[in-house]
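Supplied in structure tokens, the structure appears directly below.
Labels for the chains are A, B and C, by order of writing; each one numbers its residues from 1.
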Amino acid sequence: MEMLRALTYGPLVEMWEYPIFLAEVALNGLLTGVMYSLVALGFVLIFKASGVFNFAQGVMVLFSALSLVGLMEHGVPVWAALVLTVVIMVVLAMVIERVMLRPLVNQDPIILFMSTIGLTFFLEGFGETIWGSNVKRLDVGIPDAPLDIGGVLVSTFDLWAAAIGATMVVVLAIFFQKTPIGRALRAVADDHQAALSVGIPLRTIWVVVWSVAGMVALVAGIMWGSKSGVQFSLSLIALKALPVLILGGFTSVPGAIIGGLIIGVGEKVAEVYWGPAVGGAIENWFAYVLALLFLLFRPQGLFGERIIERV
Amino acid sequence: MLYREAGLFKTTYTADQALFPIPLDRYFVLAVLAVAFLVVPLVANEYWLQAVLIPFLVFSMAALGLNLLTGYAGQISLGTGGFMAVGAYMTYKIATGFPDLPIVVAFLLSGLCAAAVGVLFGIPSLRIKGFYLAVATLAAQFFLSWMFNKVPWFYNYSPSGTVTAPPRTLLGITVTGPEASAEVRYLLALTLVAVLALAAKNLVRGRVGRGWMAIRDMDIAAEIIGFRPYRTKLLAFAVSSFYCGVAGAMSLFLWLGSAETEAFSINVSFQVLFMVIIGGLGSILGSFLGAAFITLVPVFLTNAPQLVGLSMPVDLQKHIELMIFGGLIVFFLIVEPHGLARLWQIAKEKLRRWPFPY
Amino acid sequence: MNVKKLAVLGLGAVAALSTLPMSSALAQNEQFVPMLVYRTGPYAPNGIPFANGFRDYMKLVNARDGGVGGVAIVTEECETQYNTQIGVECYEKLKGKGPTGATVFNPLSTGITYQLIPKSAVDKIPILSMGYGQTAAADGRVFPYTFNFPTTYWSQASAFVKYIGDKEGGMDKLKGKKIALVYHNSAYGKEPIPTLETLRAKYGYDLQLLAVDHPGQEQKSTWLQIRRYRPDWVIMWGWGVMNQVAVKEAAAINFPMDRFIGVWWSGSENDVIPAGDGAKGYLAGTFHAPGHGFPVHADLLKHIYSGNEAEAKANNWGEVLYNRGVVNAMYVIEALRAAQAIHGAKPLTGEQVRDGLEALDLTADRLKALGMDGFVSPLKVSCLDHETMGPVRIQQWDGEKWSFVSEWIEPMRDVVRPQVEEAAAAYAKENGITPRTCG
């Protein structure tokens, strides 16, 4: 009976009785969601512009963070290390375009997906060869102190992360909407061939988009790396971004953010309130089940492009 | 010259519809089977059997299963690891619950359990397609991992949640458990793979397989010509999960001997998917080639430096190995995006004209 | 295009035809000690210092003493990436090497240990899972080839409870106190649960179990639950990135760090440095001393690094996990010595080394001679007891280094041992093992 209560309405009663704690769970969920979105954004950018599901996004997060920390350990000041890392990511994008994307143009999405897996293996080995496998402490000067707002405890670091995430979305939105290159990107995303026929250079666009994804990966790497230290496991956060991506739709920047928020709050509330009754650690699968529920109503994600099928 | 298709005249429908209509193909398959059954156990040492061939067979089985679903029926699945876990844990439960039941029966029964679970998680495929479908199968993957970790009934309440394959005999020979020799385990795995691969080959050329391919190519069109998407897709999930379940049982009982849910993690699902893509989607042979590529190439690369007398630190070696492996994947895709099976096809075409190409 | 495709075919053929090198025969006066290491992959930051410590001590024995009883020690590393499947391959590759085969395996991973335990008895190669792996293996009657001294997770959990009781002012004060266990959701992380549950019944404290899934990068919900539960103490069974994040999150909710105890795999420099100042005061269990102030460290510095301290430190000299590698290697060497005392000074087989492991008697005098006085505590292995239930100490991180804050704490033998025997009996029954009798 106790079990049944804990599985069903018990947690709801608790939420009602301790609204402040519920607020704390929800707020922390939202902030975690932003952190997921940071990773998911990189996927969306590349998928949107080139139709490639970039499995290597996680390892790009690791690689960029490793480069940043590695440079800082060699005595390069933070700002210079940041600039150099951006340069590294742009060079990486150019190499990827030349070596991998260009020969594989016009292939099935699943083939391109597979090629990014090859890239993943390569970058894992390459990054660790150059920068080593130790945990590196990353401190870019973001304050990290607990903050008590009327009984709700949040970390200032998480607030900063949310602010940075929000800024990034705004910048990306402006970039996509207002700049010529952004318009070109959207044109490519809508229709490769039509874009080519009006004279948009596809290859340049790819380099740009992979570079931007590299920079997004760098931001995600900094935020996650500050929490856990920069180490190999950073590449595994891509898994946390998958449900966000699917829920928000592969092609939508706002979708990645809203998807992240929904997943963040959903999984935290589920784990904190219903988890203990069944032994805990349910958030991983719950995130997918949550995404699945949304998909049953919108099979292309919340903000994905509508699929129109013709026979 | 060596490989001929011309000049073969089929006089009966049976001959025309044979599994391998070209005699050379038939002889080749028979020869491979003969070598695998008779020669390999005699010449291979324990390292080869235990660390190379048995894992290759286990993954071939899993890749075969996933290829039926992804390659033939066009449904992407990242739940392979979860379905393998169902097979492994159910075999464990059946084998410990009914010690007298022949172990092969336990394998097949747990395959059926996996099939049932597969159908359950296949239901969303009726509405969700493409990469989005991956979410349903990922839900299966994570949920099943969690379940086998959290529900103590599945691992007989052992304190750490690890399951160990108990010793069982078949026809009086010990086939599982630590005492079973590598040769015996290899032969059992090979038999299962051979039988089920032939079954799969048969399946995909018949009505069922054609239905899957129709759904894969365009499900609306398939529906219009009379294939019910409901049944066809769910059947694909069931059959595929059955194969994966048997693969999971094989991996626990014939290969690892002891496992926790980590052995059937999301990484395994990804690995099997890589095998299917690298080997060739929609090809039975491709499943084997892909499994060979993903399991054997790393082993080869690990041992290659020693082979040429090069000695370097293990970490550097591993990093280089990863880079080469990643490079090889991209290289193969660029050279032949349709997988290794297609390369085999090309080789056959070359052989047809050899040594007088025009 | 044709050329390219042919090249691919050729490449495939070469890969298929190549065979692997196997034996490097020649029966020399050498003892082969295999090393399963993980210098790459998600757990590499922990694997590297451990492997370095183990390697350096083996080198030291060769350089300083000319091996064991005149027999040189030969090692070979095999990279497992902490992955069970690669671990199996490594085991098969290394088990037949050297003139007498592999001596003793140190699997360095709970998963690989579980995998190798059934094989070890068949292949007659002992396994030394030093303080990890399957706790039930402490019962030497059921697991003749598996050793897990100096002490196991169950013993350690009971020592933690003792420490907490001590800090609270007596074991009777535990009643009504709240303890949370944050654990890695795997076979390894679940280890302490049975012991903590038993002790809960005995001492009447309240226990909350919080599982963290691999890899453990995101633990917000875990620490939110701790906020709600408001435990007096938090115990952690973590590994890899999970540790760093947990320490950071604990600091982020203002949890008092001197009431947060990590298992001995959650108490290295790696685990606290990324958290910065927030980690100050964090506690962890251990069975050996931190730092590099022991004579054995001076020897290592002199013989391996020719006195170059910077180079030694770059190889993790004196770090917690390095020291643990040294301890592990020392146990192997001393077991070899004990085995040579029984079977003579020559390269020994795994079966003979097993006898040495079982006859291992590290007295205080012996440790002093090894330059490890106070570094580890003495122990004596027996046929019945493969664990020895050695004492545990608590160390604290002060922002710079680890140092002891407790005396050696003896585990609760009366609680743990019956559980061990029960679990071993269940294992024996399920796997059809007839326990041997210890004379």
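Assume a residue touches a chain if its C-beta (ideal position, glycine included) is under 8 Å from a C-beta of that chain, and two chains touch if they have at least 3 such contacts.
Keep in mind that what you see is a predicted model, and the values were worked out from it rather than measured.
The touch graph of these protein chains is complete, with an edge between every pair of chains. Placing every chain at the mean of its C-alpha atoms, the farthest one from chain A is found to be C. Measuring from the averaged C-alpha position of chain B to that of chain C gives a distance of 35 Å. Taking each chain's centre as the average of its CA atoms, chain A and chain B sit 32 Å apart. Across the assembly, chain C contributes residues 39-40, 44, 48, 185 that each touch 2 or more other chains. Within chain A, residues 128, 133, 279, 281, 284 each touch two or more of the remaining chains. Residues of chain B in contact with two or more other chains: 149, 315, 318-319, 322.
Chain A makes touch with chain C in their complex at residues 21, 24-25, 28-29, 31-32, 35, 128, 133-139, 144, 146, 153, 155, 157, 224, 227-229, 231-234, 236-237, 240, 267-268, 271-272, 275-276, 279-281, 283-284. Note for the complex: chain C touches chain B at residues 4-6, 8-9, 12, 15, 18, 20-22, 37, 39-40, 44, 48, 77-79, 81, 84-85, 88-89, 92-93, 96, 110-111, 114-115, 117-119, 121-122, 134-136, 185-188, 190-191, 193-194, 214, 423, 426-427, 430-432. On chain B, the positions that touch chain A within their shared complex are 76, 124, 127-129, 131-132, 134-136, 138-139, 142-143, 145-146, 149-150, 218, 220-221, 224, 266, 270, 274, 277-278, 281, 315-316, 318-323, 325-330, 333-334, 337. The touching residues of chain A, when paired with chain B in their complex, are 53, 99-100, 103-104, 107-111, 113-115, 117-126, 128-129, 133, 239, 242-243, 246, 250, 278-279, 281-282, 284-285, 288-289, 291-292, 295-296, 299-301, 304, 307, 309, 311.
For chain C in complex with chain A, the touching residues are 39-42, 44-45, 48, 185, 208-213, 215, 217-218, 220-221, 224-225, 227-228, 240-241, 244-245, 248, 252-254, 270, 273-274, 276, 278.
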